[in-house]
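One chain, subunit A, links the two complexes that follow: it is found with subunit B in the first and with subunit C in the second.
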Partner chain A sequence: MQIKKLPFLLAAFMFVAPFLSFASDSIAEPAHINGQSEEVAKDEKKAKINAYIKHHLKDTHDFHLFSNERTGKHYGFPLPVILWDDGLHFFMSSAFDHGHKLAESKGNYYKLHHGKIYRTEADGELTYDHSEAKHSEHGGETSVKSHIEEVSGGHAEENKDHGHPTNIVPLDFSITKNVFNIFFIGLLVFLIFSSVARGYKKGLAPKKAAKFFEPLVLFVRDEIAIPNIGEKHYRKYMGFLLTAFFFIWMVNLFGLTPLGVNVTNNIAVTGALALMTFFITQFTSKKDYWLHIFWMPGVPYPMRILLAPIELLGVFIKPFALMIRLYANITAGHIVLMSLISLMFIFDNIGAKGAFYGLTIFLSIIELLVAFLQAYIFTMLSALYFGMAVEEHDAH
Partner chain B sequence: MDLFKEFSVGLFFWQTLLFLILLFLLRKFAWKPILKAVTDREESIEEALEQADKAREEMKKLQSDNEEIIREARVERDAILKEAREIKASIIDEAKTKAGEEGAKMIEQAKEQINNQKMAAITELKNQVAEMSITIAEKVLSKELESKDKQADLVNKQLNDFKLN
Partner chain C sequence: MEIPEIVGAGLIVIGAGLGIGRIGGSAMEAIARQPEATNKIQTAMLIAAALIEGIGFAALFAK
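And then the complex of A and B:
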């Protein structure tokens, strides 16, 4: 009985999740700073929100849930840091204390700056390519900007005055928040679908969760794989298409939860997925595919020479577009959604707050659709490219 | 470009690794059994439908067969009844003719017997009458010829008769 309700509960949770995000965001609502003029407070608020959105979209080395500004405390849990810097370095991200401390491992010192890990000397100083301005996290500056960096955990907007650190950047294989999430979601997807698969052992009729997921599996097979790849070849691509579809969808849905986990708005994630599509396309392609790239049949010879570089470029542009599309759609959705939430805090008018609340709900529902749509588009286009790779052309 | 400066090699590495592991595991433990179950079910449904169609067809055929059999049986029954009726009629007819013949024969025999007995009776009667006539004649004659006169009369008379002739 409990398990029967699971899909509905899950769906219900996904549905209300975007609204819950107010809860965690409101905790981070800037407190009024005494002794400052109204104008400065407002500017600061705007800058802070801007920083908060950017921070929210970035990957971090700890799992940050929310912060209490008054006490300067961050709630969440640390994640392991794994570095390759002439040997393996392993320590928990709590060693950084949100960028306030240096982490020492095997005689090397590491500093967390703007979400990136740099190797420093024991004094923890970073050198910048614009050396006139020195940046110090420990300084007692009271300017608006440094205050923002303090409250947002030191990952605020890239400060152009300071330039970029020239310190050595070790290869960072840390289990960051995003890595933690993809593993969590991967596990979830595996648990869901292996249990769905086990359900079929008792009989061919779908049971429990399978009732919800089977139509989606069939959707991928009948609406995505078969029309684009063809009845003959679609089977060998089903594994990738199903995995990509459900992984991207789940990841997108989790991105809408108040946990603030945005994985698909990271170019590395979408890049990895698109690259997978690229390699599968190339490695499973048939002779016809390459023939149509380098020596397009049915067009005059000079045109063939002209078409070859264009087609070859297309081979790389296709997965590149896949990567950018998913990344940009999800990132844009998050920025708009978070901006709308933030607008509620900027406007003092109760009517405006209500209007933005309604707008946020509306946009959350749209984002729920986008989460599915982007998973669908990614899978659909992958299937289309696979279809091109295995297509058997009749004589032109 | 800011976009590619932010590209995280670590995240890329983990994502690729995770996805490959996930792909392998799901393929083995989820997609294959699920798709197989779904295909099996689709096939079994198709097969069941086909069989139902076939059964319906067979039923129809069976029904028409049944009707044919019933029709044939009815025809046969009618034929048998008709034959029985004919046999009955012929038996009765035969019996009647036989009885008639027998009756006629018996009547004939009876008639013959009656005739025979009648003849016998007539003969006996004739004999007795002849005897009686003789006796009577004897007695008459004896009485007639008691006197001489009477004898002479008679002879005369007889003689007269002869003369006439």
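And then the complex of A and C:
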């Protein structure tokens, strides 16, 4: 009986999860300032929601769970910051106090500004490349914006009126939220599959976790690898395909938890994954692959000259599309989900709030499907490209 | 008169929606005619849909 309760509890948690991080944040209660008209308050709420969504999509130097608006306190836990700036600097991100304080390390001072670390003097002043004149032009606007930044803990979006700081940016090797999550998922996948693999030493019948993962591994082999690559060559690609599939899937699933770790909506991560597909395709390719690019058989000669540059471009476009697809799908999914949750706070009508609550749950379930589908499509298209690389044409 | 970016975004979404809708509809018909080929049809459908989606996203984010 005890074990049967666990799936139920997990399901219940999934239903409430999206609201945990949001409801406790600053949007739940509009900051009421005396003498402010309702219109301004509404605008501020909208800008705040915008800033919140943008912040949610960003990589940060700490895990931020929720804030108390009245006391201005943030709850979460810090992550290590590793900087290379004429020597190694190592300290915890709690030294920044969410951008309010300067961190001092070996005589240098560092300031956290919009999620980026800058080196400053002891006074902590940042210099901007825009002139002050532009600043005063938008006087009214900036005052509202700076107020919003204040309440959302200095994490609000890059304020365009300020320009960009010209301070020195040290090389940042920090264990940020995304890096931490990549390590975590990597370790998790390694532990799960090494234990699954050990189970097969005692007999071929799947045991424990293997009961869940065996069908998935077979799915990748029988539905993705063999039809696209072929019986002859598929084995050497299985390692990468399985790793990519389970890594992307798990990372996507973790992105749906209230911790808000969105690894796959960082274009650098999807870019690295796509680059691996690109290199594996090029380095395992056979003669026929290059023949089809530079001297397409079976078409008239003038066409071959025309086709060569297009095909060559296609070599680079394929992994590029792979990168954009995964990145954009996850980012768009998160933006839509966050916007729907925000709508609950914009409407005062209880019926509308209820409707958006239902819609959010529905969309969360769709996102669970998308998390799987994107892992599947990434693996599938990678397998398709590998298949092209090793294809042998006897017909020509 | 300047056309706002959001109009372009809307057009992209309409185009991508029409395209994916057509793929989905055709796949449904094909599955109804040949239920034994469901797996193959589904795979092809997902690949085609993913390609359209990729272009749609690329256009949306490139603005």
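In this text, the second predicted complex is superposed on the first by the 349 of 396 C-alpha atoms of A that agree within 3 Å, B and C clash if a C-alpha of one lies under 4 Å from a C-alpha of the other, contacts with A are read in each partner's own complex, and residues count from 1 in each chain.
In the analysis below, contacts are C-beta pairs under 8 Å (C-beta built on N, C-alpha and C of every residue); 3 or more make two chains touch, one makes a residue touch a chain.
Everything numeric in this text was worked out from a predicted model, so none of it was measured.
When both complexes are overlaid on chain A, the residue A:189 reaches subunit B alone and has no touch with subunit C. Measured by the number of subunit A residues touched, the leading partner among subunit B and subunit C is B. Of the two partner chains, subunit C is the only one touched by A:377; subunit B is not.
Of the two partner chains placed by the overlay, neither subunit B nor subunit C lies in contact with A:41. Once the two complexes are overlaid on the shared chain, A:223 sits against subunit C while remaining clear of subunit B. Once the two complexes are laid over each other on the shared chain, residue contacts for A:243 go to subunit B alone; subunit C is not touched.
Contact with subunit C, but none with subunit B, is seen for A:325 once the two complexes are overlaid on the shared chain.
Of the two partner chains placed by superposition, only subunit B is touched by A:197; subunit C is not. Contacts of subunit A with subunit B, set against its contacts with subunit C after fitting on chain A, share not one residue. Looking at the complex, you find that subunit B touches subunit A at residues 3-4, 6-16, 18-19, 21-23, 25-27, 29-38, 40-41, 44. Of all the residues in subunit C, the ones that touch subunit A in their complex are 39, 43, 46-47, 50-51, 53-54, 57-58, 60-61. By the touch criterion stated above, subunit A contacts subunit B in their complex at residues 58-59, 82, 171-176, 178-179, 182-183, 186, 189-190, 193-194, 196-198, 200-201, 204-205, 210, 214, 217-218, 221, 238-240, 242-243, 247, 266-269, 271-273, 275-276.
Contact residues of subunit A toward subunit C in the complex are 223, 227, 321, 324-325, 328-329, 332, 373, 376-377, 380-381, 384.
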